[in-house]
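As written, the chain order gives the labels A, B, C and D, with residue 1 at the start of each chain.
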Amino acid sequence: MAIKVTVWNEFRHEKNSEEVKAVYPNGMHTVIAEYLGKEADFDLKTATLDEPEHGLTDDVLNNTDVLIWWGHMAHGDVQDTIVEKVKRRVLEDGMGLIVLHSGHFSKIFQALMGTTCALSWREAAEKERLWSVMPQHPILEGIPLYFELEHEEMYGEFFDIPTPDELIMLSWFKGGDVFRSAACWVKGAGKVFYFRPGHESYPTFYNENVLKVIKNGVRYVNAPAGMSKIDHRNAAAPIEEL
Amino acid sequence: MAIKVTVWNEFRHEKNSEEVKAVYPNGMHTVIAEYLGKEADFDLKTATLDEPEHGLTDDVLNNTDVLIWWGHMAHGDVQDTIVEKVKRRVLEDGMGLIVLHSGHFSKIFQALMGTTCALSWREAAEKERLWSVMPQHPILEGIPLYFELEHEEMYGEFFDIPTPDELIMLSWFKGGDVFRSAACWVKGAGKVFYFRPGHESYPTFYNENVLKVIKNGVRYVNAPAGMSKIDHRNAAAPIEEL
Amino acid sequence: MAIKVTVWNEFRHEKNSEEVKAVYPNGMHTVIAEYLGKEADFDLKTATLDEPEHGLTDDVLNNTDVLIWWGHMAHGDVQDTIVEKVKRRVLEDGMGLIVLHSGHFSKIFQALMGTTCALSWREAAEKERLWSVMPQHPILEGIPLYFELEHEEMYGEFFDIPTPDELIMLSWFKGGDVFRSAACWVKGAGKVFYFRPGHESYPTFYNENVLKVIKNGVRYVNAPAGMSKIDHRNAAAPIEEL
Amino acid sequence: MAIKVTVWNEFRHEKNSEEVKAVYPNGMHTVIAEYLGKEADFDLKTATLDEPEHGLTDDVLNNTDVLIWWGHMAHGDVQDTIVEKVKRRVLEDGMGLIVLHSGHFSKIFQALMGTTCALSWREAAEKERLWSVMPQHPILEGIPLYFELEHEEMYGEFFDIPTPDELIMLSWFKGGDVFRSAACWVKGAGKVFYFRPGHESYPTFYNENVLKVIKNGVRYVNAPAGMSKIDHRNAAAPIEEL
């Protein structure tokens, strides 16, 4: 059965900045969706902020197994009702969620983490080296023990997230910082995967390792086909004699 | 230096129900505060829902190191602005938070957990036995490997919480259920401790083991005196030569 | 590509006890292997204590992706050299390991856990109810939120294991005990899954839910096909200018 | 009540190498013990490899609440019987254990971790910057959000340890590597704390932050005074009617 993937992008930088447009003329979501679309069992859609309901109508959400989220300059423009729907879909139905880069400050990520999700940052086009600390994790299938991005925005600790259920990669930055760059959390019936790279000014989403991690992430956060529906009326378990 | 503890109670059941009033004539918060007040280095206050600002003015919150929370029938009456202040105080200033029993469905616990916090339940005055699964934890100091409550409301799995950073006790219920009854999470600069027992109709908050766990919990979630303030402008770490 | 599974059984109770023989005339390993063998992509072998090298020759081990282990009365008879080989194969090559029931006290489980793995127990043919606390875990695919075993040996807390990376199921026992019954740990390049049920006197390994959990466990602890070989000479990462 | 601390050192480099002797003329253990000895409630002893029973007689071990371990060139010379005694004392009696730097490859650390504890390394006297990722942890009391060591041996990932129960600090190395540098595990009745810095050729154990972390670590891994003794005959919990 196909995995229904929706790539959501704020899609503002690509329209407002010549520099960004040069790198992603049709938006980052298009580049990601094209790569993922090569998987025979992935069924791809995209959605963006400025579409009605941000492209996340009930019909789209109910037909999404895994949602990928990139946002940055317009987190505040995302309607709370849509955020609430996405959250419910993760917690109650087990929709998988992958949050990329500056999505760390999105309403949906903050709501699911329960923390500020604040971090340190620096734009200096510096080198990033990503190290595996859980090499047997399915998200790292086909990924070397480390790989590099020549130019990226720096994200540094302290990163205000809850303790990850799985800490998968750490980043080294040339300027002197480290970061927990790939991490997963179980949330209700669903799984959330945060992956750090992806500044809009750099061609990060053309990097083969970055793309592979996202592809593996889709398979990982997708709920098992035969998952038992969580039913909180299940106190209906037969009561032992008291 | 004294630990400033505020015990917050919804304090409605004790006024509305003769049955509950018989057990806690001055409210559960009073019983808990009297016990904790015997510690030489604890400085106790109480606060309740129907006071102005729910008793949680800026002055009170800024002078609280550890907040204890019991709520049940009126979670919806707690103002969102107060919830937000409590949350910021935990995440940014490191105020400790202890959530008791039906507080699992409070706005503040849901906001910090990022999940529904739903569970199964049954009111059958059945026996609960609490088992230690982390006997070396400071919260279990002086607590036997298991203890019993003759009559309690049952809370059962699946309990929709994020993976605990520390899972400390499990409950067995005579009717056939189990529950993760004592668990901690680091959240921003603060710590959160959830402890299950404490239904309003039973004399649970007179139980010596229950009270000791709460007392130990206060010491555990209280922030270290010399904690570094988290400052997200700290990208001001000197930059290594690029 | 097929997953090569070896089911290892001490296979002494089934020969020494008429009672056990009546339940498992050809040994528990045979029952488990027959069930697993129905999966098109599983390639099954069995091995037992009294075979040369306990049936775990280099050739067998090097051709095992997932090893399942049941032992009880003769843990001490397992040669240390074989234990060491199994351990290396898990840590360095990523062989998956599933330890069943009384295997908690096997040399291999103790060596990988680094703890005593002691627990409480009681043989009273009492009812066990297993509750999911991580319903979205792949090991619980197709498993209801709880299921029962009418008669089992009781295993109770405190169970001296390191904090599980994933705590998947909790057991309730009619006699008053609880137990962490299904748990996983990442160990080096490999994964370890402990699953509690399976006393030799009861027909537990004919139970459809128990068998499904083991089957799902095989898929879960099997290493990803494209896992990077951990190479500790990898300080050969190009050194940044100092 | 005083915390009885024993600082154990291999104490070979300091005798064999003029370079190391210049830095630590009386051994690293002496420097650490002198600093810790300033705490009014710490009661300090030292022990070294070449003393009878490595200085760890039954009398010494039974009068040690927290053991600190530094070893490197002579891990193989530590007798297995002593290792086993130390392990039992941690698991069964709750003795705290702090393992420093190259102690990662000691028999006792490997035995408690259940993994190879291998890592990557490089001796290039390069700069290390240690970042807090759990600033509210008691081990970081009085420690800034990051601090630096001008010259240290590099330790890099992949570090083959089980998932830490608490990951407290990450190291950045100028040459391009990262490392999980401060981490804790609960093991049986005890706690284990690994702390990375401390190469014999550098004056690391004179660094105020390094010393403070070790001091805080002693308090953290010391067992609570009123801890319940784990008794595996405790299936003697009264059995509920079956």
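Throughout what follows, a residue touches a chain if its C-beta (ideal position, glycine included) is under 8 Å from a C-beta of that chain, and two chains touch if they have at least 3 such contacts.
This structure is a prediction, so every number in the text was calculated from the model and none was measured.
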item	value
Interface with more contacting C-beta pairs, comparing B-C to A-B	A-B
Taking each chain's C-alpha mean as its centre, the one farthest from subunit B	C
Inter-centroid spacing, subunit B versus subunit A (mean Cα positions, whole Å)	32
Inter-chain centre distance, subunit B versus subunit C - centres from mean C-alpha coordinates, in Å	37
Multi-partner residues of subunit C (each touching 2 or more other chains)	129, 132, 135, 145, 156, 158, 163, 165, 174, 176-177, 186, 230, 234, 237, 240
Complex contact set, residues of subunit A against subunit C	94, 127, 129, 132, 134-138, 140-146, 165-166, 174, 186, 189-191, 223-228, 230-231, 234, 237, 240
For the subunit B and subunit C complex, residues of the former touching the latter	129, 131-133, 135, 145-146, 156-159, 163, 167, 170-173, 176-178, 180
Subunit C residues within the subunit D interface of the complex	91-92, 111-116, 118-122, 124, 126, 154, 156, 158, 160, 162-163, 165, 174-177, 185-188, 230, 232-235, 237-240, 242
